[in-house]
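Following are the structures in question.
In the two complexes that follow, chain A is the common piece, with chain B as its partner first and chain C second.
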Partner chain A sequence: MLNIGVFVCWCGSNIAATVDIDQVVAAAKIQPGVVFATDYQYMCSEAGQKIMRNAVLEHKLDGVVICACSPRMHEATFRKNAEKSGLNPFMVEIANIREHVSWIHKDKAVGTVKAIALVNAAIAKVSLNAPLISGESSVTKRALVIGGGIAGLQTALDIAEAGFEVDVVEKLPTIGGNMAKIDKTFPTLDCAACILTPKMVDAASHENIELITYSEVESVKGFVGSFKATIRKKARYVDEVACTGCGVCMAKCPSKKSLNEFNCGLNNRPSVYIPFAQAIPNVAVIDPQSCIKLTRDKCGLCQTVCEAKAIDFTQKDELIEREYGAIVVATGFQPIKVDKFDELGYSQNKDVITSLELERLMNAAGPTGGKLQKVSDGSHPHDIVFIQCVGSRDCTARGKNYCSKICCMYTTKHAMLIRDKYPDINVTVFYIDIRTAGKNYDEFYRRAAEDYGVTYIKGQVGKVYEEDGFLVVQGSDLISNEQIKIKADMVVLAAAIEADPSAKKVASMLTASIDTNNFLTEAHAKLRPVESPTAGIFLSGVCQGPKDIPETVAQAGAAASKVIGLLVKNKLVTNPCVAIADEMLCSGCSNCFNICPYGAIGYEEKLVNDHGIRETRRLAVVNPALCQGCGACSVACPSGAMDLLGFTNKQIMAEVDAICKK
Partner chain B sequence: MQGLEKKIKDRASELLQSGAVDGIIGWEKGQFEYDPTPAVFTKETGLDNLCYNNFCGANLSKYLVGKITSDKKFAVLLKPCDTYSMNQLITEHRVNRSNIYIIGIGCNGHLNVEKIKAQGISGITAVSASDDHVNISTIYGDSKLAKKEILLGKCEVCRGNVHVIFDELIGEELQTPKPDDRFEMVAKLEAMTAEERFKFWQGELSRCIRCNACRNACPACTCRVCVFDNGRSGIEAKANASEFEEQMFHIIRAFHVAARCTDCGECSRVCPENIPLHLLNRKYVKDINEFYGDYQAGDIAEQRNPLVNFGDDDIEPTTVSDKGGQK
Partner chain C sequence: MHKNNLKEEIIRISGASPNKCMKCGKCSATCPSFNEMEIAPHMFVDMVIKGRVEQLVMSDATNHCLSCFACVERCPRGVEPAHIIEAIRVIKLRQSGAPQITPAQIASVIDTEIPQQALVSAFRKFRK
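Here is the complex of A and B:
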């Protein structure tokens, strides 16, 4: 029997207000094995920790239960403290009587009963604890960034500047992401290309950065410090080294009917194309869906006209295997499809467009050369209506519950730019709320309303329909409390933004958790906002949640600093709580092998002596270097042959027993 | 059926004589027509007792689990439904395929003697069945029963006459019975309130005597050491500590075989207390079909079942609870 000490924390009044501390201490004292129990106002303070250290020495404790906050907050603190007092750090258990009790119960009597049950469970568990020794693992000094938008590029540049090699994998033929499509940026109205392209060029020319474009990460194995990734480099059908980006192929290509993705489908592009003028790499790519040579084995004109001999129709996808110490997810966003909003007429009317489409219509490199005109007939518009929150703050299944955060500002930007360039155009904005929190943001909005004469109407739009060659926007004006109809030439929908569709696949590949909106989850919403709960995986940009460019860049830098902090280490301490298979119980059924997300389980044919029967059996073997201690195998194993050190089946059962005991 | 039995015997004799196999796993005649038992035949002379009649419902695939480390080769007689279990055992590495010779045999449904006896018939001397009717000779005279009324539970929901794995086939032309909807009773249970359902299962499971027949017959229950016999698991003493925990035995067993159970029906067939244990497993089969698309354990060897296979299209646990279990 161990000598167990129990330490109950008040957490100021956080715990003490809803849990009767004295009762918990008294209940702990009579548990088997407990030789000492006490309480203190702040166990995590130096004074509190000293109480624990002194008690360990004085009462010869070999097991400690801390009844306080979540182990995610202070487990490490108390394990270190145990080590200081000569105790194995894994002989400490935490009973979470704050998040699990005091924060969710109001009734002190109820809370106290539950706190006692949880403390008893922790005591039962620690009685079965065994000292564990951590190992060490090495760190591959190279990072992988998934996504080549502004977030990924900023992270890559910061890591590269610190002296570490970085690979940026971008699924499209060029880096740049969504920002490359944007015309001007709020609140300073500087040109997006002017500030983005220098970053793109920096990344392309940096000796520590390798851009792997038109490629996708196919699988990732391993763990923090030692990831192994397989990257599929899709066939471009163009030799990246030989191509000079001269554009002759584009001019000669007879197949010019593919929608131009970069211009949001507002015009067409040839089958062989360079996405935009500042694309990096400035290399053509052939779209295999529409190329006449690749679909029907005819044409091949581009090959004939290419002086650099760069066209290669025999090119195949290539698989690249690389090792990394850290992985940054920067998969970004896309605007939602608005065709579900039938009442707004996006699918029915060409002059109902999304905000991103408007960006392209106003951009000098866009389909109209920057001249704002109606999509339907190319005429000059006189009245433009913006509709906010299309799919944002929308609790129906067709929208998103959250605020997309950037729309109020970019719509204000659009309104201001239009009024500045075309003072004859009337601009009206329908909004639910105007949200302009940020440095110089509200000032920007006020300038639009006060100096540029943009009309803001608080209210939602019920319907957009066509009448006598005009669009009519029917909505409610909540301030004057009336239904209004406004004639418009163009209607611009501020479509909600959603996580890029690749995010879910990337997250499952990395075993990084995502929320119900497919945004990646942080390790801690406030204190660890750029780390995934999965060690070695970091978050940059909108993949974590809606944010604007300055926030994205700030977060990208923060993610980079976390990666650098990891890559400078030569050794990492491994978690000794790994799975272990019992040879005498294992049936070799492969259930654990199939369920293990880390590929940590293998099989060997081994001679065993089972109570005098000597035979060769197929047995599961855990590679402790790969095992992350998730415990999935121990749950999947029907015979209980698989066990997790530190969380053995017996310990879990002892906890359940202690909680259920009346 | 008698013609088929003779063909099987002849083939078994050939296989033993030529030394192609060291033993045949089949059914041995009992004292009565209706009590054949699984047996291993290693000598040609013993084959006189090999039988294949209307009461050979037992699934013989599990008998190979004990032979996994043997260097001898065994032939096994498998009906179409038994072959699913065979595939599942191969998938789970619980049998050594290279030491097994699978003889797929035809089947036209097997009978439950308890159901015949329940009709007041006793002293049975011979039974012969057509597709629809069964003629029963007894020491008191003959009677004729509708076959559908006296089929084994598992044959009522027969999955057809296809052997999904075999080395050779004998009598595969036999017609298997037309199946009923196998999820009918599960749907009825689902429609009950929680209290009604609990009462139903309490009534059924309280009869359990923990004889372990279900566990021993189940081709998915092949652990070298069952978790209930594993002293280190912390639960070994719990299954029979009280009436309630005894019920837990069956629920834990159903969890352990979920997505691995081929719905062969052996658990209910062997239960001396006639507890409809297969309904627990069938509920999981139904759920898995609904959540992940139709899945039949054992229809292909070496496939990953949906519970240990992860795809981007997997149903989210939150979706399951939000929509009350509907995908």
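Here is the complex of A and C:
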């Protein structure tokens, strides 16, 4: 029988307000094996940890139960503390009486009963614990960054600068992401291209960075330190090395009716194209959906005119296999589709546009060369109305229930830029709330209102309709309690942003968790904001939640520093809670082999002595370096031969018994 | 009825959720009867939240709501202002005594081309 010590934490009033601590301590004291039980306000503090260390020595404890918050929060803390006092770290069990009890119950009596049950379960489990020794695994000194926008590029540059090799996989033909489409950036109004394109060039020319564009990660296997990724490099139909980016093919291509994605469909592009002038790599790509040669086996003009002989219609998708120590997700965002908002008339009227479309219309490299004009007839607009929160803070099926965070600032930026360049244009902004938290952000907004004469109206817009060749915006002016109608030439919708559609697939491939909005979940909202709960997976940029460029760059750097912290290690300590097969019980059925997601189970032919019968049997063998301790095999095993160290079937049953016992 | 009970009654009858309102004004921006209503749809929601319900019951504004449900359709938070107005009308009806038109009389006065929703609204207004 072990000597067990029980330590009940108050967590200030977090636990103590809903759980009767004295009762829990008293109940623990009478459990078999418990030789010491006490409580303290904050067990995780140095003073609390010292209480535990002293008790281990004084009462010769060889098992410890901490009744506190989730093991996710402080299991590592108390295991380390056990080690300091000479106890095997795996002789510590956590009873979660905060998240599982005090935070979800209001009734103290009910909470206390449940807390005692959970503590008894932990005591029952720890009395069956055995010391475990951690092993080691190696670290592949190379990182994979999924997404080549500003988030992915910044992360890649920071990792590369620290001396590690990085691959950036971008699904589009060029890196740059959404930021490449933007005209100017708030709150300083410097041009996006002037700050982004040098970074793109830096990434392309860095000796430690390899850009794998027009490619998607198809599968990922392995675990922290040793991931194996398969990357599909889509056929460009253009030899990336040979192409000089001269653009002759673009000029000669007779199929020029495809919507130009980079300009948000505001103009057309040829079937063979370079997405934009500063694209990296500056190499053409052929759109197989519209190319006459690829769809109807005619034409082939680009091949004839290409002096570099770079066009190759026989090119096929290519699969690249690489190994990585760490993976960073930087899949970014896209604006939502606004055609569901019938009342705002986006589908009916060409002059109702989205904010990203406005960026292209105001961009010197955009379809109008930076001249702001009506999409319908190219004439000069006199009145422009902006509508905020289109689909943001919207809990109906049309929108997103979160605040997209960037729209207040970019709408203010648009309003200011328009008033600055075209003082004859009247600009009105309909808003619900102006959210300009951030350094120099509110000052920026006030400048738009005070110095640039932008009219801000608190209220939403009910409908936008056409009358006598103009748009009429009917909206609420809540401050003057009126329903107003404003004549407009253009209406700009601040569409909500959503996680890029690829995020969901990437997350499930990496077994990284996502929330209901397909944003990747961080390991801890406050203390581990750039790590996924899955070891070795890191988060950069909007894939984790809406954020602007400064925040994205900061988070990208933070993700890089976490990756560097991992890659500098030569060895990682592995989790000793791995599966183990009992050779007396194993029948060699392969159920565990088939279910194991990590490929950790193999078989060997082995001579066994089963109660005097000596025979050679086919037995399952677990590779502890690959096993991640998920326990799937122990559930699948029909003969009960598979067990998970630290979570043996016996331990789990003992916990269940303890909870069920009255 | 006590003020708070009246508020609870409105919420119960309407099934609406005034606390979900984020005060964006989309309901009043949409409302085709805005200029006829002395209390606009967004104010109905706000006044129910604040418990100023007697004022709503007294108001003539309920009679100008067309029950077009544009505010319900477009509210980004699922507040359902028209259902709140509807509930207030129901409360008014219950307070005003016996109906002044019998079911037997209805068939002779309606035009079958009128949408049912408009009919229901019209009944409420003409029974004063």
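We adopt the following convention: the second predicted complex is superposed on the first by the 605 of 662 C-alpha atoms of A that agree within 3 Å, B and C clash if a C-alpha of one lies under 4 Å from a C-alpha of the other, contacts with A are read in each partner's own complex, and residues count from 1 in each chain.
To be clear about the criterion, a contact is a pair of C-beta atoms (placed from the backbone, for glycine too) under 8 Å apart; a residue touches a chain by one contact, two chains touch by 3 or more.
None of the values given here were measured: they were computed from a predicted structure.
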| item | value |
| --- | --- |
| First (chain B), second (chain C), both or neither touched by A:G475 | second |
| Partner chain in contact with A:K650 - chain B first, chain C second, else both or neither | first |
| Contacts of A:K458 with chain B and chain C, given as first, second, both or neither | second |
| Touching partner for A:S347 - first (chain B), second (chain C), both, neither | neither |
| If touched residues of chain A are counted for chain B and for chain C, the larger one | B |
| Partner chain in contact with A:G588 - chain B first, chain C second, else both or neither | first |
| Touched partner set for A:C389, first chain B, second chain C, both or neither | second |
| Contact residues of chain A, present in both the chain B and the chain C interface | none |
| Contact set on chain B toward chain A in their complex | 69, 91-94, 222-227, 230, 232-235, 256-257, 304-305, 308-310, 312, 316, 318 |
| For the chain C and chain A complex, residues of the former touching the latter | 20, 22-26, 28-31, 34-35, 40, 42-43, 70, 74-78 |
| In the complex with chain C, residue positions of chain A that touch it | 343, 389, 393-396, 398-399, 432, 458-463, 474-476, 478, 481, 483 |
| Parts of chain A lying in touch with chain B, wherever the complex brings them together | 504-505, 508, 516, 582, 584-591, 594-595, 597, 615-618, 636, 638-641, 643, 648-654 |
